[in-house]
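Some notes on the structure that comes next.
Each chain gets a letter, A, B, C, D, E and F, in the order it is written, and its residues are counted from 1.
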Amino acid sequence: MSEGTIAWLLVSSALVLFMTPGLALFYGGMVRSKNVLNMLMKNFFTISIVTVVWTLVGYTLAFGTDIGGIIGGFDFLGLRGVEGDALLFMVFQMMFAIITPALISGAVAERMKFSAWVLFTTLWALLVYPVVAHWGFAADGWLFAWGVRDFAGGLVVHINAGIAALALVFALGPRKGFGAEVMRPHSLPLTLLGTGILWFGWFGFNAGSALAADGIAINAFVTTQIAASVAALGWVVAEWLRNGKPTTLGAASGAVAGLVAITPGAGFVSPLSAMAIGLIAGFVCFWAVSLKFRFGYDDSLDVVGVHLAGGIVGSVLLGVFAQSSINAFVPDGLLFGGAGFFLKQVAAVAVVIVFTFVATYLLARIVKAITGLRVDDNQETEGLDISLHEERGYVLAE
Amino acid sequence: MSEGTIAWLLVSSALVLFMTPGLALFYGGMVRSKNVLNMLMKNFFTISIVTVVWTLVGYTLAFGTDIGGIIGGFDFLGLRGVEGDALLFMVFQMMFAIITPALISGAVAERMKFSAWVLFTTLWALLVYPVVAHWGFAADGWLFAWGVRDFAGGLVVHINAGIAALALVFALGPRKGFGAEVMRPHSLPLTLLGTGILWFGWFGFNAGSALAADGIAINAFVTTQIAASVAALGWVVAEWLRNGKPTTLGAASGAVAGLVAITPGAGFVSPLSAMAIGLIAGFVCFWAVSLKFRFGYDDSLDVVGVHLAGGIVGSVLLGVFAQSSINAFVPDGLLFGGAGFFLKQVAAVAVVIVFTFVATYLLARIVKAITGLRVDDNQETEGLDISLHEERGYVLAE
Amino acid sequence: MSEGTIAWLLVSSALVLFMTPGLALFYGGMVRSKNVLNMLMKNFFTISIVTVVWTLVGYTLAFGTDIGGIIGGFDFLGLRGVEGDALLFMVFQMMFAIITPALISGAVAERMKFSAWVLFTTLWALLVYPVVAHWGFAADGWLFAWGVRDFAGGLVVHINAGIAALALVFALGPRKGFGAEVMRPHSLPLTLLGTGILWFGWFGFNAGSALAADGIAINAFVTTQIAASVAALGWVVAEWLRNGKPTTLGAASGAVAGLVAITPGAGFVSPLSAMAIGLIAGFVCFWAVSLKFRFGYDDSLDVVGVHLAGGIVGSVLLGVFAQSSINAFVPDGLLFGGAGFFLKQVAAVAVVIVFTFVATYLLARIVKAITGLRVDDNQETEGLDISLHEERGYVLAE
Amino acid sequence: MKLVIAYIKPFKLDQVKDELRSQGVAGMSVSEIRGFGRQLGQTEVYRGAEYRVEFVPKIRIEVVVDDDAVDRVVASVEAAARTGEIGDGKIVVVPIDQVVRIRTGERGAEAL
Amino acid sequence: MKLVIAYIKPFKLDQVKDELRSQGVAGMSVSEIRGFGRQLGQTEVYRGAEYRVEFVPKIRIEVVVDDDAVDRVVASVEAAARTGEIGDGKIVVVPIDQVVRIRTGERGAEAL
Amino acid sequence: MKLVIAYIKPFKLDQVKDELRSQGVAGMSVSEIRGFGRQLGQTEVYRGAEYRVEFVPKIRIEVVVDDDAVDRVVASVEAAARTGEIGDGKIVVVPIDQVVRIRTGERGAEAL
């Protein structure tokens, strides 16, 4: 790699790592103040866990020599022989492996045990993420080889995390008072700060996925900016019309929805297509977060509504808006005459949803058997910060 | 462009985008807690609005084929034909187009309607910013062609935003209780965090404006660091002497004043000149923020005092300290024998002040006629967060 | 330098600068709410002070033409002749000179006068830091020339700051109520945010210290990520076993301990060695922070426990894990057959500890004679924010 | 002497304070509380779903007054705090045995 | 009429409120306080060191009730707030001279 | 029995608490309030402009005591909270009908 590309990928890796603390704040602001530290801690600790898992085993499972299109072999166990450019690729990919399970934590906020989270994340980072990453990102992974495209992780990161969140919510059950009491974000400024960091980091996520400092990276950068902006616009306009007030939480959620939706196509679609994708994502995700009330699952911080829905929108719309003239590594989408690619994208979405839902639900049952999944009722009422960590988020008067 | 330059400009673009959330926090911490979300929201939403405006029309108005030195033509409408390096330049410039109106929002804090802000920003980003950007940044823009220099936006960003803020404040009137009640920042830690992010992002803003990873970028980086530091020092020393206590708000304001003042000259002056510019900016802006009490205009968060005053200081002092030996694209300043350049800088400051003041005031009247500018008295007392967004910034006990 | 390397070092410099606001928040969250602004202010103001000192004198003392291995000469006074690549190196090193004294501020939190801090930092940045930097970083500095290695500042930054903190704590005495009252962090979310920023910035700190966008930078990046993660893991597991609860403050402290410990060896050891270093650092620093209770010195925010202890662990373990196959600029460590290097590392640790302790203690006495070191009892009870700055951190209800 | 306690709407605090001062009341103590009454809370929309929030933010004022000032003080608070809408709050008058001014040790009416 | 003041454990607030409502109590006012009593604070571990924290977070409830309802109300709070463990808190009954509903100017029992 | 209420300067809380404990007072309840009195607020400088801030942060203490302890308790608070400067605050003594210890159901002096 050239020094310019190394520089860009080092920066991109740092940016993607920075997204996880950003996500911690984004989620941390949305819970009630008695659970803020637990929320932050679950995210920070996920960095630790996944870094170890990925270094030792995860990377080789995802990117080791392909075994039947399904999984990588053990050649890079403990990073054996991974040096130079490969080491850079390894660490860039590590940051994706970190944030994906971290995303899940928002759905199970305010009630899942910390010990259960530690065990769950370890297993999921070991058994689920590398498999889907191999399918979607590795050159010989069967989805990729079949022709499915996922520029920066619509399938591998967002749909994967979103559907895992749903499975885990089913295993865990809702918070006490879900649906009856309003559980307002305790600090929207924290959430907005998190949004800012996520947006900033996402440039590394998407434009870094070009794996070079080139025109594709530039295109991905621009589409990312546009989709995030337009989706925030779409969400806020939708709620303004429907509920009468534009909210900051809506703007933040919309921006993230747009970032999610452009992820699979950032380097494959034009800036104007990104505008369309963002707008659709803003509307769809606004509507999708309301489903939890209709169907009664407590996706606490809207991981399903934003990441699963946004990931589906983005992966499917890539099948519509992809342009081989933008990037020769993608076939044309529906709009430019390529129906086959569109169908493959839809199929891939379905495959990942089924696989990850089943695998995650099984893991959740295993974890439940070992550590239990939920804190008890008193702990939930008292808050997880005191009951699990013996700490309080804020000690403003003393 | 080389990969190294692409890498640097991608990073710089991300850094400049990150400044707007940073600004949101900087301003958000300074308002009373009942208005924090509205302040954050106005800034975040400005990202969305300007991204759309710039993509569709703004960029071509600023950088399309020149029409009489006044404005760009429609050749790049909807980014038609803007690809590769041009696309990178487009998105880097987009970030400047975003933060400029965002800066204005601080002056009208705690009383301007959200709907009015949305309409105002849209019109301003469409009709005012691209014009001034064309004059100052485009190769054929009349100010640039005439010999005026503005390295990273002293005229185009800071004076432009600062004088627009003044015009809007005139149209809007002061907050209830202005001058009589103390309206203390509700969270200076948030403001300091914002300062940190702004400082960090400003390296992209100034050093990125070299449009290459070269010696000019290095020079701009160093002068930025020095001017910010020294201006904070100057401001704090001034208030320590005058009011008896050094304040964190003074340090934060001083740093921003220094960053503003070095912006027009970052790549044109030497590090030691930057020290002089920073010191002068620290003193001048410390004094300038007190003018609002003397003249009774409610520039709530000191946009005029910091950005207009700092921008003038910087643009005029560029005429003093510019060195063609630092950068061949600038003539020597007064101190190095070039009186002509100095006068052009002064003239340019006057031109932008007059143009933008008039244009902004007219826009404000138009917006007033359509949506009204201010919330009503009860909403202002209750706070904009509840009354406009039905959200509260902090829900610490529940 | 190539454009790629310039790009990388510009970014790295920005990242390292960003660490100081990150540190301000990290520390700011840990003090009681009545002292948060003073804590932030001490850090921000350190940026200003050191930038001036370094520009005018510090840089040439550290990196000017060597005088007997002890100190640099005056050739670069006021940056005379420092241009282009040298200017870039100067500013990158400036960021290290800034954060080192800033680190000290945590140990003396909640009681040291602001004026005393200003004077102390000025003197320390002028008389202590450049000396140790010359010894460890300059090609002719005697420690470096003797064969000691310090990749990114284990000796120069962390041991230096940590032992200076101890000396200053001795001169200053403990806070009122130390040991008797619990003095809980007033905002752990702020501390976690600071941790995130520090972690992010540390990539510039360590991987930037390769001074090129090359394989060494990549290696340093990866070891940084691994050591931070594993140390957080180690610390949390240790406290979970010992105190029964995993804490967010433990995770944050552990991550920083790991970052500190990998700093001297980031570009010299393998990723798996980084895992060992991180784990040891996590355990050792967890134990080291408890020493202040045993020996009764009030190292308020654990600067000694984390930076001194972590710095020693890292510098000594570099003597164990260094691999010339990773980086030809380092001899092999103990584990790879090189005992001599190990002993030199141990000796260097001792030398810096003795020199800096004595020098700092003397400076502290001088400062005490001039401004006094501590606020008076009433000011300490009332809080430094009101008594020194006439500001309050939070005004949540008004 | 009496202790007059009033629970009022937060945005009425300024008016009540000004009114009391103009009545010559020398001091008062104010805290933030959450109130629950006939107002029966508020309806809030969050993420598109509607919720009933039972406790509404209120301000609690305490004023110690001399016996002959009680009626005037109660009337002042009443007038200043009234909007006529539900949730305006209550005033309670509590008899007290003694008041002490800490600074001087004065007792009774002197201490006010 | 009486003013009933209760200091209770924070997590008991919901139960106490529900119980009072089911007793027909029309309103109440709630604030957060720090309490100190026989419970003698709590032991907290911070950075591995143990500390005694003397003040424990509690909730303070005020309810104005008619004379004949006092016993019922006290009994309700007692029942709902009791855990049987140290730190359950106290109930105090204070006689009052007058209550006023600000909105309507009603006085006495009418005002409740 | 009596309810003693004191409004004091925040930094005096520790001293008052220690004094009361040494007097054998078994419990107390503390909250943060904003006070307004002869002190007439404080002058604050912000951005170089001077402002008068009318409300000053104070601490409110409530202690339930037996009749025979009232004078001692009032005297203790007086002594511990006095600085002699304006703003030291007030102590109010309110008669009460009943005290209940929630944990045990004890009533009256037993309940303290």
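Operating definition for what follows: a contact is a pair of C-beta atoms (placed from the backbone, for glycine too) under 8 Å apart; a residue touches a chain by one contact, two chains touch by 3 or more.
No experiment lies behind these values; they were computed from the predicted model shown.
Participant: Going by the stated contact rule, which chains contact chain B and chain D alike?
Facilitator: Chains touching both chain B and chain D: A, F.
Participant: I'd like to know which pair from B-D, C-F or A-D copies the B-F interface, where a copy means over half of the contact pairs are the same by residue number.
Facilitator: A-D
Participant: If more than half of the interface residue numbers appear on both sides, call it same; otherwise different. Which is it for chain D and chain F?
Facilitator: different
Participant: Would you say B-F or C-F is joined by more C-beta pairs in contact?
Facilitator: Between the chain pairs C-F and B-F, B-F carries more contacts.
Participant: So how far apart, in whole Å, are chain C and chain E when each is placed at the average of its C-alpha atoms?
Facilitator: About 50 Å separates the centre of chain C from that of chain E.
Participant: Where the CA atoms of chain E average out and where those of chain F average out, how many Å apart are those spots?
Facilitator: Each chain's C-alpha centroid was found; their separation is 18 Å.
Participant: Multi-chain contacts in chain C: which residues touch at least two other chains?
Facilitator: Chain C, residues with two or more chain partners: 2-5, 7-8, 11, 184, 187, 193, 197, 245, 249, 390, 394, 396-397.
Participant: Return the residues of chain F touching two or more other chains; collapse runs of consecutive numbers into ranges.
Facilitator: Residues 31-32, 44-45, 94-95 of chain F each touch two or more of the other chains.
Participant: Can you name every pair of chains that touch?
Facilitator: Taking the chains two at a time, the touching pairs are A-B, A-C, A-D, A-E, B-C, B-D, B-F, C-E, C-F, D-E, D-F, E-F.
Participant: Touching chain B in the complex: which residues of chain F?
Facilitator: That would be residues 44-49, 51, 53 of chain F.
Participant: Enumerate the contact residues on chain B facing chain A in the complex.
Facilitator: It is residues 2-8, 10-11, 13-14, 17-18, 20-22, 24-25, 28, 36-37, 40-41, 44-45, 47-49, 51-52, 55, 78-79, 83-85, 87-88, 90-91, 94, 114, 187, 190, 193, 197, 388-398 of chain B that touch chain A.
Participant: How about chain A: which of its residues touch chain E in the complex?
Facilitator: Listed in rising order, the residues of chain A that touch chain E are 378, 381-382, 390.
Participant: Looking at the complex, which residues from chain D come into contact with chain F?
Facilitator: Spelled out, the residues of chain D in touch with chain F are 3, 17, 26-31, 64, 94-103, 105, 111.
Participant: For the complex, give me every residue of chain B touching chain C.
Facilitator: For this pair, the touching residues of chain B are 2-5, 7-8, 11, 15, 32-33, 184-189, 192-193, 195-197, 199-200, 203-204, 207, 212-215, 217-219, 221-222, 225-226, 229-230, 232-233, 236, 245-249, 251-252, 255, 271-272, 275, 394, 396.
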